[in-house]
Amino acid sequence: MRKLIAVTVIVAVAAAAVTALGTARTAESGPASSVAQNAKRKLPALPSNIKQRKRFLIGVKCDAPPFGYINVRGENAGFDVEIARWFSRFAFGRENRVSFVCTPTPAREPSLTTGRVDMVIATFTYTRDRDTRIDFSRAYYQATGRLLVKNDSPISSLADLRGRTVVTTSGSIYDRWVRRCFPDTKLIVTDNFTNAAIAFNQGRADTLMWDDTVLVGIAAADRNTKLTNDTFLAGPYGIGIRQGNTALVRWVNSRLELMRKRDRFMTLLRNNVPARFVAGFSRNILRPRATFGYPPASAPSPETVCP
Amino acid sequence: MILAVTYDLWSYVSENWEPLLRGLGRTLLVSGIAIVGAFVIGAVLGAARAHRVPVVSQLAAVYVEVVRNTPILVQIFFLYFGLADPIGPWPGIKLDIFTVAWLSVMIWGGAFNTENFRAGFEAVPHRFREAGLALGFSRTATFFNITLPIGGRIALPSSINTYIAVLKNTALLYVISYEELTTVALQVNALTLETAETFTVLAVVYLTLVWSLSIAIRQLESRLALPEER
Amino acid sequence: MSLPDWVEPVARYMFQEGLRGTLRIAVISVVASTVIGVALGTLLTTRFWPTRTLIRFYVEVWRGLPIIVTLFMIFFLGPVIGNQLEFDPFTAATIGLTLWGSAQVAEATRGAVQSIPREQHEAASALGFGWVGRHVYVILPQALRRLIPPLVSLLVGIILNSTLAQVIGANELLESAERSVERLAAPPPSGIFEIHAIEIYGAVMVVFFLICFPLTRLAAYLERKLVA
């Protein structure tokens, strides 16, 4: 009997202590309601080094509209850039607590591994190979590969690529995929997308292979071109983070989830994509009622799968 | 140190030698064509400049100054994309990537070489040319028998430097993704991520090429030196 | 004739950001190349062969490698070797151009110093100068006159080669041109869906020409005046 009383007392004291500590912390943090505080406390905290610095260092593309580019006023702009600004708002209450570092494709991984940036939001397609060297947040955008052809082109699907010429950017997943899966197809690579578009316009290649986000806009604006019906290499973009920085990964994922629930990605889409395509691309982004992730670990990497 | 742990040059070379060798072959091919072309351009236009041939001399001067004072990267871009763009009456000339490769470095080398040869020809002492004319050689014969051989030798050191620079500039064809050595090496690096090994190979190959070319040509230069300078 | 709308923001971005980047890289590289190169070149004339050999190796390596390879090495290989060696594109480009430039200056300085007649060395020694004093107070002031034309040529070379920094992502003139071309080529709302690559890269060529041609002429003029 005495033992039972002792145990009850100890448990009661412990519970009281925990509650006291909890309410004490709540009392310290201000006049916000304790319910909201409890909810916020469930969100992962910002890693301390970023908190101390009071700024984010984020790598973005500076030459890849509509995701990351320099706008007319000389500022960073684009879908990825706006996500970065939202992170700044979440962490510091203001959208300008971000320093952008231009990270072209070959510099994305090195910038993370050397710690030059906290994270990279730069059309970074998730691949299992990359995952072995860096960490990815959850997927935030789903791009698909498409083929752009001239209206009178004899190419109507991937099967027609034999003996023809494809142009794409060097080092992209399309580059690797065509080399691996289409040995009978001639491949031209350029070091940036506009040069690939110029090569296509000049007839150096029969088709331009790239992300739907950009090609759909071109097909619509250029009456002489159209897209074939093929979709391939569904490549989810993720936010690249240095390997092992699980605190930041948790923080980023939680804020992406917040943005998804509040349908923020739709606003970002509207800001960066011509109005008539918003409906079509709404399938590529995270919505309150639609979510997507990376292909399961057991599935082979898409650029190694030949049609 | 990461370097010490994973640096393995031997396996890198044995796994990747095929594309690297092909890249090296292309580097040498493009350099070879460009060097020969630069020699011809330099000799012809240098002679025109030295002899103040009307029209040709002025046009050559414009060519030389434009090529020498603009970045070669932009010259490569214009040869590949610029020429092919139809503007107004210009139908657009589409050059394939191999042609642009050797043509761009040849044009660049030719401009510098024109100046080299011009200086060489102008440095041929007057008395040699006068002697030739006195002996009954025509203007042209004087040029081919006297000015060219002697001026060419005077121009040899600076020409050599230009030819070596042409070889090095083939590395810039990376920007049109012509698969010469540097482009291939970077592709291999992107796939294997063995950065240290890639750049070791790249540095060793280029230095070997440049140094041996340098030594070989300087041997040639001492053989060909004019008697007065020996 | 009024210019199309897109020209003004592009020109502003290229001049404010791009050209400034180019000049920053170029000026620092030239100054550093000169200081390091003159010192190394003078040391190349010493009779102490270990120093000579070491410096000769430095000179032949950085002159022998294509500059683009040097830049890639510094930018990508540096961090692999040591965490301290992680450079941003600007610094990497400046270091790479300085290595090349100092090798060029060293070679030119060696030639200039060796062209000073022996009597100058002997007179200086007779006056009690040591090796360093001799070179600093007597030889170099004369040699430097002969160095000025090659230094001006070096400035041109570095300015033109600063465009190579574009491949490692530094924002100099060519890179700012490329970003502008990409933006304009995108459909609205990002851009205006027009490809103006030829005009913009043509402008880059004109700007470089306007900067470099006078300098090249100056080098030729100085060559005639100072060396002849």
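Lettered A, B and C in written order, each chain numbered from 1.
Throughout what follows, a residue touches a chain if its C-beta (ideal position, glycine included) is under 8 Å from a C-beta of that chain, and two chains touch if they have at least 3 such contacts.
No experiment lies behind these values; they were computed from the predicted model shown.
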| item | value |
| --- | --- |
| Contact graph of the chains (line, ring, star, complete, other) | complete |
| Most central chain, judged by mean C-alpha position against the global CA mean | C |
| Pair sharing more residue contacts (C-beta pairs) when A-B is set against A-C | A-C |
| Most remote chain, CA-based centroid, reference being subunit A | B |
| Mean-CA-position distance for subunit C and subunit B (Å) | 20 |
| Centre distance in Å when subunit A and subunit B are each reduced to the mean of their C-alpha atoms | 44 |
| Subunit A-subunit C separation of Cα centroids, rounded to whole Å | 39 |
| Where subunit C touches two or more other chains, by residue | 76, 167, 197 |
| Touching two or more other chains - residue numbers and ranges from subunit A | 106, 191, 195, 198 |
| For subunit B, residues contacting two or more additional chains | 81, 85, 174-175 |
| Of all residues in subunit C, those that touch subunit B in their complex | 60-61, 64-69, 72-73, 76-77, 80-82, 156, 160-161, 163-164, 166-167, 174, 197-198, 201-202, 204-205, 208-209, 212-213, 216 |
| Contact set on subunit A toward subunit B in their complex | 106, 133, 170-171, 188-191, 195, 198-199, 202-204 |
| Contacting residues of subunit B [partner subunit A, same complex] | 81, 84-85, 92, 94, 97, 174-177, 187, 190, 193 |
| Subunit B residues touching subunit C - in the complex, by the definition given at the top | 1-3, 65-66, 68-75, 77-78, 81-82, 85, 87, 168-172, 174-175, 182, 186, 189, 195-196, 199, 202-203, 206-207, 210-211, 214 |
| Subunit C - residues contacting subunit A, complex | 9, 12-13, 16-17, 76, 79, 83, 86, 88-89, 167-169, 171, 178-183, 185-191, 193, 195, 197 |
